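The data blocks that follow each hold one structure.
Next, two complexes with chain A in common: one pairs it with chain B, the other with chain C.
What follows is the complex of A and B.
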């Protein structure tokens, strides 16, 4: 994969020197951010999702997310829904892959069965929210091509173009904070016709284990529908010491009961 | 009588002084009026707005209900592109690839939020506990023939597709683009979308000439509104030519024609300035204002000019003398007729349809300015220009013959004519009640408009354009997963499917059934709503997780899953049938479901269906006020209470005849025609004013008896009434060629009304005048009357 990227960069470098620099630097920043976050092993966090339509009517969902860091492939995650009541116990297990479509299983407590979802679709809204599944899943370097745009003080702005043709976006404009271990402050999403669709703002950053920045609040605003979704994270736990056994179909069933 | 003489001498001397003043300061007057016209014109700004929302006032309850529904789900307008491949089969490798290409390109439409096609339909299938959700046809070039046949079978079995995006035979298909217009500036946004879609279609046709392409939907509807505004504005040019010809024929004088043209152009320029200052965005109904102003304003000029030229030709007045005399004679009538026309147009503000407020206000302003220019710029210009006429002997006696004969004819048999007239009017009034409101917005456009022909094609070959929507509530958060709710919704869906008008139903219960089947290994016996609430909710969660960008269920279920949207596609049915259908569905919900599910039908189609009724209701008050005001103006102008009251008959009955005639012609009336009462009242009243004032003058000043006074009135104003009627008829005849029914129907019925008004003023009015007048004491041989009248009047 790396070879391919280098080859791609080499190919593009023919076109112009500045372009090459921009792409190289963009990739470097993404890598630096990825590297800064390496070594957290696993985490458990509670998540409250608040959906708001343009009239201010709201709807809430409560979830628990477990994540297991992987080095050779994308991270594994297990999400358990605690509310609304109808879907309590429903859980999803996802293996993200650096290349190709992710694997996903769903446990449905009402029929006590695990269903495997085979779909290339990850651009749709996650449980009716303004977050697409692709916004929430593990951000692997290989999923984008990069272009450095500008530096504003300690902020580095990088354009990221999704590799997946089924992505809902043409590009994302990501703002990294150079001084805070390349944590992300803001992402702007441009839809397929290259119009600004959504803005995601990260706030209430907290440093865990002295190394890992985690935003306790993420607010996504859809500029076209005027709807928004607020994610509030609480009780980050980096000490659970989860292992591959906690991310199997059996574990998925267990988690939902 | 002393009182009235005093008033009339005051107005006479005022008019004379006015005229003398204008002639004395002809250059300053001309420059000032030119300054006013150009000053107003410099503020002019004509922007067109095609958004169908402009037809609904902010307080319109149907619009409010529809907006509320769109707020709950998604606010969207659409473009449907219909593709008909030559080979009669959508499902071939090449055709599917072409559709995929078009679908991909459609995502680039400005403001697009969703694109639905057969190819990107999210097909669900199950194998054991594996659930597959994918595009029905993706990368069709790589598919084998058997796979293509499978795709066809799946598509033609899919209730969500058949009769919506594909016809039953699989020979016609559609790509539906949903756009979410920000609504900040529809005059900019809609053309932007239209330009893109047109280019996409043109490119597609060039690349795939084996496809026939048609397009329709709400955005093309808006575009059709937009473009018919511009086309109707072009009618102004035709009317200008007619004005020039009419003036030339009537005045037989080049300078008079030139001056008339200046006056009407000044009036239109001022009205354009008014449009700019008030920020009105032009719509099809209001875009006819230049033609309206031209038609109505030209009469003022013609009256003044004809009198002036007559005075010069026949009576040998000098130019300035003739001008002063003409102004003295015409100032009051022109003022009164302008005033009544302005009142008539202003009553449009009582209606509920904003484009007609605009039409009324712009035309009222233009008419006010036309009065001003006719009494300032016109005499000033005539004073400046070297107007010369050939003096000739009066030939008027022989010319008057026709009108005199008509006068004698009426005077001989007033009772019989009145009775016959009333019988005919009664008959037409009865017929008038047979008209029905119909505001089918597709039929607003005639077959020459591409939107209409494309939409007709789509209605005949694929699906309907009209729809009704219901937001069916469950009364609790997450309640759409309640099996009770789903069963009721399913029953509603089934009931709707059975209705003869219904082409397609899109309800959430279908999604619930489909997902339930997939969760049970595609077992057909599970094609029913889930049994428990948890199952339904969890299946839905799973299903939603597997949908791609833009194809989610947010347009069908609300945020807290307490309500879902039912969209019913209907055949092209009339407004009355549309309202009846919606009522029937509402009643079904009331009788068969619990209270939270009792929803009301909403949609743009329904909004238009009810528009005519709403406009008629709100205009009723306006029409009564117009009638009262105009009758008051008449009483004042005639200085006679009894005749003012009598004038109501010839002013109101032409409208009855118009609508009675219409019942035989089309029998369907639209929103545009509701305004004609107030509008034509202000116009036709002029005939009555002229006729009655001459009648009264004969009675008061010449001491004629009623019969002689009627003949006198015929002789003096008969020709003038006929000429103004011809000008008015030609103006509205030009408008009646519009391809837009709100304008063309309005113009056509106005033509009938104006014509009937003239006939009534020539037959019924004089008969009534004779009948209500006491027998006169004085009797003078008729011959003498004519001669004395000529001396006095000319």
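What follows is the complex of A and C.
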């Protein structure tokens, strides 16, 4: 009996030890990926979104995204719509936070109104696309808990569970490339019922400033609705030298006027 | 609009462009947009006053031009507007915007004709005072006339944003002609409405605004000193209207607390003039049930209380009313959205129901439907009782180039 108890304790501690290791390793990989991307300061990029429905009909949106890196808190971003023309100038300013809700303002150019909006709606679609708001917001380490799953050659596969109960996902399975500064190659999203919902594939990677990998193409496929959204990035500019003053409500109005 | 003033603005803008072109490092980006709109308004009740029409087909043109240089920190912006309508007072043109802008570090300067919006609430816009309302254009008062100004904005890291406005010229409100609906029995000629100030439209007015946010709280404080945007109306025993534009001091506060899916809102003003002092407020909330069907459907619930100390002299009749509404956004590729609501007077039976819906067709067309239904308007509602037969439907289609 005594032996059995000892064996039981030993088994338990081994299991918890490996679990501990899997969590730690998952977190380490996420941290390594985060660290590899530190120091880009700011960027401006043009984005073409192509939305495809299940019958193959497409519609397009053109946006410009400005991002400002923050070290002590989440990044700041300013997104301006250039097309469709009826929403041209509609813009959002987002201050992401490592912990707690993001701050977000919307600018409506027709009446020149800046409106603080709730960032509660994480799981909702961004402008009718297959990307949810949470897929496009700044990916901070603190927003997930981690579990390392497996290593396949140079690919590291990590499960990420969102901390926020308002997330639309139970988990995401993220594939990192450890030979390319831990850039992400693929993400699989599982919905609240733990069924596979979407797959996001990153491609056409390009190295900027000799340090920062950016995918110029991101394709999201929704397996449940058979709809797709393709993001094409162009004219990445890491030399704009943006500052906090380019991410204010005054700058938001200026960008969308 | 004063021609001399426009001339100065154009001169200012063209000098800046020339300066910009002389410098090789300043590449100018030009953007030109055009919207053509066809509109049909139908008032289904027989008119209350002689001469009023039922059917109002109309066309509008909205050209836009923007020149940007110096990495976007300098620009010239133009927005024009022209409408042709059955109501010859609603046939009008305007320069909505024509201004030069320069931004540098923590300040921004705007010179010219511009539109500025202040406020947080949905059913009434009390604090918003910089621009005159284009009263013949829409019923909700959200369309504004371009306002000549010099605006200097100073952004501080810890103390929020300060806006200073110098407003050299006042623009009068336009009222419907004999054929038009949504008017009083006697037709108001805007030129007949005089000014309290001897300088008339050239009284030099000023305004200040401070805007900041702390965590979930957004706050704005503002003060305006100058000729008011609302004329002061008085009615004599025979029902005739006497009106003039008073010199006013108006202090305003707008506050929003954004907590989870709740937006708690407050706007309040205190306006003083020789003829009248009063207090007004709008307070309410907006709550959004988001992504209800996991397909993007958002349903927002809106509730606001409106108070105005002017009581029956309140121009928009929102003196002790409750607004309830719902905003439905489908978040589809066509951006389909619907706003429905009703404003009801707490002291009388008067209620106004409204519906606004819009959707995109193809890549460059949009369609809109609007309805305003005046229901059981009380006789003692001095302003609204004039509009009691003016329920209408509006349908419009726009093409963007």
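Heads up, the rule we're going with is that the second predicted complex is superposed on the first by the 241 of 257 C-alpha atoms of A that agree within 3 Å, B and C clash if a C-alpha of one lies under 4 Å from a C-alpha of the other, contacts with A are read in each partner's own complex, and residues count from 1 in each chain.
One rule holds in what follows: a residue touches a chain if its C-beta (ideal position, glycine included) is under 8 Å from a C-beta of that chain, and two chains touch if they have at least 3 such contacts.
Everything numeric here is computed off the predicted structure, so don't read it as measured data.
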- After superposition on the shared chain, which partner residues are touched by A:112: those of chain B (first), chain C (second), both, or neither? second
- Query: Is A:254 contacted by the first partner chain B, the second partner chain C, both or neither?
  - Reply: second
- Query: Thinking of the overlay built on chain A, is A:59 touched by chain B (first), by chain C (second), by both, or by neither?
  - Reply: both
- Considering only touches as defined above, state whether A:245 meets chain B (first), chain C (second), both or neither. second
- Task: Pick one for A:92: touches chain B only (first), chain C only (second), both, or neither.
- Result: first
- A:128 contacts which: chain B (first), chain C (second), both, neither? both
- Query: Touching chain B and also chain C: which chain A residues?
  - Reply: 51, 53, 59, 84-87, 111, 113-118, 120-121, 123-125, 127-128, 168, 191, 225
- Item | Residue ranges of chain C in contact with chain A within the complex | 33, 35, 66, 71-72, 75, 77, 101, 103, 105-106, 108, 115-117, 119-120, 142, 144, 153, 155, 157, 161, 211, 213, 218, 256, 258, 260-263, 288, 290-291, 294-296, 298, 331-335, 360, 363-364, 366, 398, 400-401
- Item | Complex interface listing, chain A residues touching chain B | 51-55, 57-59, 81, 84-87, 90, 92, 104, 106, 108-111, 113-128, 132-133, 166-168, 191-193, 195, 224-225, 227
- Item | chain B residues within the chain A interface of the complex | 71-72, 74, 107-113, 122, 129-134, 180, 477-478, 481, 519, 532-539, 541-542, 544-554, 557-561
- Message: Give the list of chain A residues in touch with chain C in this complex.
- Response: 51, 53, 59-60, 83-88, 101, 103, 111-118, 120-121, 123-125, 127-128, 168, 191, 225, 240, 243-245, 248-251, 254-255, 257
